[in-house]
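Each of the next two complexes has chain A plus one more chain, namely chain B in the first and chain C in the second.
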Partner chain A sequence: MPHPTDTPALAPRRHLNWAQLGESYALVIVMIALFGVFSLLLPTTFFSWANVSTMLGSQAILVFLTLSLILTLTAGDFDLSVAATLTISAMTVAVLNAQLEVPLVLAISAALLVGAFIGLVNGFFILYFRIPSLIVTLGTGTFINGIVLWMSGSTTIGGIDFTLIKFVVGTRFLGIPLLFYYALIMCLIVWYVFGFTTLGRRLLFVGRGREVALLSGINVEKVRLGALILSSMMAALAGVFYAGTLGAADPNSGNSFLLPAFAAAFLGATAITPGRFNPIGSFVAVYFLVIGITGLTMLGIQSYVQNLFYGGALVLAVALSQLVRKREAQEL
Partner chain B sequence: MTQGPLHDGLPRRTPGEAPALLARNFSKVFGTSKVLDAVDLAVMPGEIHGLLGSNGSGKSTLIKTIAGLHAPEKGAELILYGRDMPLPTPSGSARASGISFVHQHLALIPSLSVLENMMLNDLASSHNWAINWARMRRHTREVFDRFDLDLDLDRRVADLPQADRALLAITRAFDEVQTHATGGQGILILDEPTPFLPQAGVDKLFSLMRSVAADGAAVIFVAHDIDEIREITDRATILRDGKLAGSLVSKEADREDFISHIVGEKVSLFQTSHDAPEGGKRAAAIRGLDCGSVSQVSFDITEGEIVGLTGLIGSGFDVVPEALFGAQKAERGSLTLGDGRVLDLAAVRPENLLAQGVAFLPSDRLGRAGIGSLPIYENMALPVLKRFRSPLGIDWPAVKSHCAELGQAFDLRPARVDLNLGALSGGNAQKALLAKWLQTRPKLLMLDEPTQGIDVGARQKIFKEVHKAARQGTAVIVASTDAEQLAQICHRILVFSKGCIVSELIGDQITKDSITQETLRASSLPRQKTLEVA
Partner chain C sequence: MTTSSITRRSTRAFRGGTALALTLSTALASVFASAAQAADLDAAQAMVDEYSALPVFEAPGKPFDAAACMAGKKVLVVPVTSAIPFISAIAEEMDSVADEVGFDVEIWKNQGQPTQWVQGIEYAIANGFDAVDLMGGIIPAALAPQLAAAHEAGLRVFATHHTDVSYEPDPNADVRLPLSFSKVGEILAAWVTTQTEGNANVLVIGTDDVPPSQPYWKSFEAKLAELSPESKATYVNVPLADWATKIQTSVQSNLLQDPGINYIVPIYDSMSQFVMPALAITGKTGQIPIATFNGTPFVLDMIREGDDVVMDIGESMGWIARSAVDAHMRDLCDIGDTPEELYVPLYIFTDANIESAGDPADFNMGYGDSFISGYKELWGL
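Moving on to the complex of A and B:
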């Protein structure tokens, strides 16, 4: 790197950088293109308001779960227990409210507390015993699944207070279920926290370099514990909404969210602010995946395609973000 | 004395001998910047050849291009022992044609034994299915014997002193070129192996290099230290801004020649007066610090004073700032600050010290001091982000312009704070990280090897800034093995040996030579009670 002494100091580089723009919005463009393709192929079924509003509404659960993941991913930890947390939270609401007739508000509070407790347990093992988060959460996730089967007797529990459904998918604004707007608002909150608060910066520095953060006066363990607890609470919130979309809780289906959530988190990290886990990118990535799956399913493609699509998207997303990093390293 | 690029004044041992390595017209463009511009390099068999240049001069790009990590631009030629080589060097073929690299990080696996590390070469290239342990052991012994290397083959590399690790890496590289070299004794490229070594280690390393060269290998030695280059190399090639600045016969050229080739003009070296500032209030008092190898260390430092801590590697001087910052847990000890506040060093955490105006810049720039994958401005602004909080959150435009100004004041090149920190050369990254802490106007600033691997120009800038802060009242502790740097900036030097302060140098006693002598003298003394300098 020669010293570019001939360039005026601090010349502002205001001109549009097309390559950078393209990279930031590639996923958005691909998502729109995918939507266009399916709309042409399936003009009556896919390209109908009913379908669009269902996609936007019901899949907002995935947005919450992805946001939950990027909290810990940004702080440098993997939380594989989020899907199990979602399931136990939904089941807590169902068991307390439908079976034991606890008022809805209390049931929901209990579910969120369960989430916070799971985060605390994860944090204890990760931070106190210094075990890699991947291993701890793989274990706690499986453990939680066991508890869910036990408390539900391995059956679906229905009959949750209809008020919850009303507030989640029963009411529509501009034709889209309220849940979609909740997800959108949560995205904006996380976006604000990540981008415009010192807390967000602390998360980022802890995730990128624990030692650097420590020597810059950041209490690394507190930040990691906080991220784990918040992430589990966010997953629990997703669980409450999940119970609200179905009016019931089943002990298994929640787990199928884990892989798409990871795919969306990593895919989202290639968009908007490439190289960083970010909520807006995650939001776009979730709907990219949802459009893909819904379209393929409507085309009558076998259900195994879902696995191909999610699994493929995850690996491709990680490969892409790796490419982005490499390009960044070569810059200058 | 200065020779043109290739007016073939090559030091041949026999008439018509072909150079071991002849690189012609090497250029490399990254994006819009030409980092390497028509550079030539010729090294004879049996020669130790220095490669010098400031950070960003292109020397590592040259090395990497020869190694095949980068493809050179069209027009480049690489000739080994008179044979044209294909360019770009196909991956792995540098090794096969007898070029071996030893990087600063040595590429040893700490958790494996010395023998296993020596075998890594073979593991990568051998097609044998089974390992013949007895034969490997015998072979390794032979190689070690040849270079008078006394290392236990079964010892874990993690348990070796740093110097022995470097020797091991170089011996392994030499063994590697010997097994592969065709048509010659091989070419060994050593990329800055010395900055982490104590003087005794450097001496051992040099004698190893000499015997390797005496065996007929060509050795290319990349380094910053001009004295080392003059001591060990036969000739030296100097790069500046990607171009060939000249090549010198090391024994004939003096220090000034080297410096003017590296910098392009005469630099005036920064030099502080060694007289301590007068009438300063006490900024900090360290009492009874026990931490690992360090025991019972006590000293005072006044406002505006720059105190150097030095000694051989392992003498414990570098543990002191770590312990004072809570980065390494002390067993006991106290730190009393200027305002009378007493901190228990056994319980303190970095955030407590930062809150008291104590800052610490560790030597591992991209591992512990800053994050290479984040922009410069985010790295710089971390300690002062709270200042930029507005009702709407962090005011990023204000942060950026603040950092841009700071970058300008610290002469950051390139002057673009939106680049990633990792894109900067070592010297510029250090300037940015120094700025990160100096903007907080700390009461006590601790620096660990602040100019390790940094070119002579950037060094002066860093010294000036540190000195400026001291004049404004910051007390500065510099832990370093670099006697020259300590002599340039310190008011007082504390020499460590075996975990204790054994001598104190003040005023006119502070010269590069006296620091080196004192360090060596101290290390040969039996363990003694720590000097009371409090």
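Moving on to the complex of A and C:
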């Protein structure tokens, strides 16, 4: 099961534990340091409000997709179909609204329903047939990619109603597109649900130990199904916003978010509440990656360095976290 | 005379008559067919000859003082992805050409994610660039909100080497420089016609999610039908993301299903690396030639070193870069004769001239150097 650690996260803290504090905020400190380094190297371009607002706004899609992933990861399942769900959702909006002239609200509702249906299908195969989620979602993700190619005719579809664009990136507050604030709000909602509701606790218990959760009277299958459906709907919402960011949908590019989203989810699990997939940690992780990639891009570094950064940052961050934890055993 | 002997004789006479009629009709048909084929073969050969000749530079517009009018200007080039060496090399070449002229080109290196293109455009807006160039396959309509913002901020928007000339001009860009992929399709059809003497059975591998693929394939199909009506072409679509896993299996199945296939045309030459294992596994190595397009160095090396790839239509990366920079400068300097497509000659590489492409082959070798001095003179450098 995909738990970043097996540390009992609910243990009360009686006194200030510097090692634990360091571990919780190491990623935040590294992120600030990274921002500082790039600001020194590129004082006029990187260290500008225009750049900060661009970074915050343009990568908020990744925040949504990472939040979608941590819902299922917390419940102990992998969902590899989230990027495909994002793509089909964006394409559903484009085909219905731009090609078939369906009103925007209906097109968005249809996209979210598509997301819910994908979650239901994933849940059916995972729970009824008891197939590992990794295999099921790998299959459904590939299947969805095929449907997207079919429904789009393998081409980019533009001309989505400008109202969507206006509500996603066309309107700014403090110079930052609204999409960033949506991501921030969603992050806070997930944080509240995870930390302060029965549902969040059940999700965590199910992820930590299904048998124990079952013996405690939790309907494990219902919780897992709920997580899968909500996760797919969140990915579909990311797809709607993706269509709103570009004013168009293409059949492939959404899939490229899968690795960064997983990297952010696992990287985020080393921060704020180490040992748990948590939304604030994921949020910090996304922007840590974005700061790194944007800085490297502005420096004109070759694009393969971006891969080195994504992969290297993930492994190094988790390794450092393990050093702080005195190399405790991991379940993964 | 028995009834049976009469029957035998009449049967023999009938067979003889039928045979004679068949022979005559076949002879007549072959006379007419060969006459038709000869005419088509000539046309096909003429086209092949035209694109086998070393390209010579012809000025695409009136001369102007580029250094004077471009001084202090900044252009941001956003390539479709920096992970494709050909695209990356064009961007780098544009940068060095701009240095020669005396203005600033910056490259927004990325990994093909539209959100990275969005960041690039917003970076250009925030940092006082004069223009942004979407290069190598970004469809301007897919970034409409950001380009509208760029226009509002006073930037010019260019789209370079992004699609086929047959597409409707995209209103989101001010200067559009498509490439004639349709012409490439026609040259390939002519080549296949000459090589098979009008009896081609071609397997074409395309990738519909790359925008110019369909007009490219359609022009190939139409030209083949025109030059060689007896020939047959089968189109297989393999999405870009599936090249590594599906090209080989698609080619294998088609070769097994139709043993008469005598030519393979992967429409982009990087596909060839996945076609060759299919030829090997079906025991057809060296038997079914491959003709393709792009002039990617490792595929040009395949012409030199192997028997499968026999022809590759190349486009000079340096020429593309200069043609793009020339068009951008004409627009920014308001010269008034901004071209509507890239001026990039297509050039056929075969065993006969492959040595000129270098060993190992290079993106920029084999096309002569008339364009380098030609553009310098045109820009008053």
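Worth pointing out:
In this section, the second predicted complex is superposed on the first by the 297 of 332 C-alpha atoms of A that agree within 3 Å, B and C clash if a C-alpha of one lies under 4 Å from a C-alpha of the other, contacts with A are read in each partner's own complex, and residues count from 1 in each chain.
We adopt the following convention: a residue touches a chain if its C-beta (ideal position, glycine included) is under 8 Å from a C-beta of that chain, and two chains touch if they have at least 3 such contacts.
Owing to the predicted nature of the structure, the values given are computational and were not obtained by experimental measurement.
By the document's definition of touching, neither partner reaches A:19: not chain B, not chain C.
In the superposition on chain A, A:248 contacts chain C only, with no contact to chain B. Contacts of A:209 after superposition: chain B is touched, whereas chain C is not reached. Of the two partner chains placed around the shared chain by superposition, neither chain B nor chain C is touched by A:174. By the touch criterion defined above, A:301 lies against chain C but remains apart from chain B after alignment on the C-alpha atoms of chain A. In the superposition on chain A, contact of A:153 is made with chain C only, not with chain B. In the superposed pair of complexes, A:61 makes contact with chain C only, with no contact to chain B.
By the touch criterion stated above, A:100 is placed in contact with neither chain B nor chain C.
A count of residues in chain A touched by chain B and by chain C gives the higher number to C. Chain A residues in contact with chain B (one complex) as well as with chain C (other complex) do not exist. Across the complex, chain C meets chain A through its residues 81-83, 88, 106-116, 118-120, 122-123, 125-127, 139, 141-146, 208-209, 211, 237, 239-241.
The touching residues of chain B, counted against chain A in their complex, run 30-31, 33-35, 56-58, 241-242, 325, 327, 349-351, 353-355, 360, 362, 367-371, 373-374, 378, 382-383, 385-386, 389, 392-394, 396, 404, 407-408, 413-416, 418-420, 422-423, 425. By the touch criterion stated above, chain A contacts chain C in their complex at residues 44-45, 48, 50-51, 54-55, 57-59, 61-62, 145, 149, 153-156, 158-159, 162, 165, 169-170, 245-248, 250-253, 255-257, 293-294, 297-298, 300-304, 306-307. Of all residues in chain A, those touching chain B in their complex are 1-5, 7, 9-10, 13, 192, 195-198, 201, 204-205, 208-209, 211-212, 214-219, 275, 325, 328-332.
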